[in-house]
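What follows is a structure written as structure tokens; I'll ask about it next.
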Amino acid sequence: MVTAFVMINVGVGWLRKVYTRTDYKEKLMKVTGVKGVYLIFGRYDLMVHLEAETLDEIPRIVDDEIRNIPGIMRTETFMAF
Amino acid sequence: MVTAFVMINVGVGWLRKVYTRTDYKEKLMKVTGVKGVYLIFGRYDLMVHLEAETLDEIPRIVDDEIRNIPGIMRTETFMAF
Amino acid sequence: MVTAFVMINVGVGWLRKVYTRTDYKEKLMKVTGVKGVYLIFGRYDLMVHLEAETLDEIPRIVDDEIRNIPGIMRTETFMAF
Amino acid sequence: MVTAFVMINVGVGWLRKVYTRTDYKEKLMKVTGVKGVYLIFGRYDLMVHLEAETLDEIPRIVDDEIRNIPGIMRTETFMAF
Amino acid sequence: MVTAFVMINVGVGWLRKVYTRTDYKEKLMKVTGVKGVYLIFGRYDLMVHLEAETLDEIPRIVDDEIRNIPGIMRTETFMAF
Amino acid sequence: MVTAFVMINVGVGWLRKVYTRTDYKEKLMKVTGVKGVYLIFGRYDLMVHLEAETLDEIPRIVDDEIRNIPGIMRTETFMAF
Amino acid sequence: MVTAFVMINVGVGWLRKVYTRTDYKEKLMKVTGVKGVYLIFGRYDLMVHLEAETLDEIPRIVDDEIRNIPGIMRTETFMAF
Amino acid sequence: MVTAFVMINVGVGWLRKVYTRTDYKEKLMKVTGVKGVYLIFGRYDLMVHLEAETLDEIPRIVDDEIRNIPGIMRTETFMAF
């Protein structure tokens, strides 16, 4: 089992905001392998706790599922052990 | 009483600028619980000093009032004690 | 219930290393309110998932229990919602 | 005499690029009080060396002249002594 | 009147800790021109709100008074307007 | 022979995404002097290993070839020795 | 095969310097799985290109071999694909 | 002619401070190729403007002359064009 934490920044402001942070939390809870989603205060807006069977699934989930959600601006993934 | 400092970056450049930094200062002064707004030099463009009755009001104010202002690109909130 | 994630950097190198990252993991698991400790790859070395009854317990745990462990060099705490 | 260094990031990519970095260099050389403009490698794309008679002129020049140039995405100003 | 915010990181861990964050708060309150000191959560450990008559007093206070306190590891000063 | 590593962040989210990270990898492999392209996890999305005959070719390749690819948002170049 | 890049900062200054950057380069070339070591300019001092048979070898090499070298102050590991 | 800017952080606090920032300014002015030294406010403490005949002299000056000064904790070099 492989664990990763994906730190996310989302677009804010009238021009770039797509969803509220609570909406992102709901959408991210449906992503494959997601164990928890937290709205956080600090450098990042949201943190996703992700688990997968193999290492190669992590970039696939991050790229195809998380980074495809409208309004997500930046992701930073930490592999965890 | 709960205190937080919200560090803000705003869009700049002809294509992404919505207001001047002085305009943001005025708009941010009207947000619930705001005790002070500073135009700063460094990693951030503006700093908001915020006070609320309970911890849960802080994410509500940051998300619903501050991050909704057009042209605000990024917020980073520091809880203070 | 109040949740926080504490990102930690520990001293490395012969001169400044006190424990291995696996040792820190064990020590941090014994801190009050700790739900999980992860060795991570990225800007930080370790991540602690913390829960407390009230907001004021968080700085007390971070300062008196976590930041007192020899070899911990820096902590960055994210409040979570 | 007050000195400041303004570190600048400009938009890149077909969708967000307005000028080349060489064009920005030329435009920035015409800003009030500019003593030098450097295209740099690292966290920032450009560095502007600025001098003004009083401290209050610095935010005015940064906001009204530098941050108004199309395609400038972010500025970070260091006061120098 | 010139305003600055000084963001501070202090040494942590048994080997490098000199005072508790509460002790630093007390010591920093006695520094010339200090209007407020906050223990914060995020990239920095403490924030100092500073006011001085002239710009030149700010580097003098930061260097001679704040950066001389044992255990202070790093300061990052934001001029405010 | 001059070596540089170019760290890249690309636009994500439905509104700003131009290509997948795998597509960027293919496009970047065709840039002058590119020895390797890696999809990475951390602060950056992609890393390009670049070699050139002279120092002056590096900013030319970075600006004219890499930063012109649609969807590239930010580059940070490290000269290597 | 699993690839990672380990970004390293080393101690500098008379009091904390253990080896020169050229010495670190030599020492790091002997670490298990190292394919290349670069002295770099920017946020980090050195970059190590690492390959291993399985994901679990990466934290073992980083912690037991790289972070044990005297004078290494900080490592930041990027998994690569 | 090759130009570089070296951003420097120096040790602070009673236990790690070697010289005052003004002393560092004097010492750095004597380094080969130095055109200017600035005490700055922001992420870094000092900025050095450096010129050399060839690219290879830059890492030599940074490593052998600048990083050898007692109390210098960290350098970040930006090549300039």
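Chains here go by letter, A, B, C, D, E, F, G and H, matching the order in which they are written, and residues are numbered from 1 within each.
Quick note on the criterion: a contact is a pair of C-beta atoms (placed from the backbone, for glycine too) under 8 Å apart; a residue touches a chain by one contact, two chains touch by 3 or more.
Just so it is clear, the structure is predicted and the values come from calculations on it, not from any experiment.
Participant: Out of B-E and C-F, which chain pair has the most contact pairs?
Facilitator: Most C-beta pairs in contact, of the two: B-E.
Participant: Matching A-F on over half of contact pairs, by residue number: which of B-E, C-G or C-F?
Facilitator: Same contacts by residue number as A-F, out of B-E, C-G or C-F: C-G.
Participant: Given a C-alpha superposition of chain E onto chain H, how large is the rotation in degrees, taken in steps of 5?
Facilitator: Answer in degrees: 90, to the nearest 5.
Participant: How many Å are there between the centre of chain B and the centre of chain C, using C-alpha atoms for each centre?
Facilitator: 28
Participant: Rounded to the nearest whole Å, what is the centre-to-centre distance of chain D and chain F, using the mean of the C-alpha atoms as each centre?
Facilitator: Inter-chain centre distance comes to 24 Å.
Participant: I need the residues of chain D touching at least two other chains; which ones are they?
Facilitator: Expected reply: 11, 16, 39, 41-43, 59, 76-79, 81.
Participant: Could you list, by residue number, the parts of chain E that touch chain B in their complex?
Facilitator: 3, 5, 38-44, 47, 76-81
Participant: Contact residues on chain C for chain E in the complex?
Facilitator: That would be residues 4, 11, 16, 18, 58-59, 62-64, 67-79 of chain C.
Participant: Would you mind writing out the residues of chain C in touch with chain F in their complex?
Facilitator: 41-43
Participant: In the complex, go through chain D and note every residue touching chain F.
Facilitator: Spelled out, the residues of chain D in touch with chain F are 9, 11-17, 20-22, 39, 41-43.
Participant: For chain G, which residues are in contact with chain A within the complex?
Facilitator: Touching chain A: residues 2, 55-56, 59, 77, 79, 81 of chain G.
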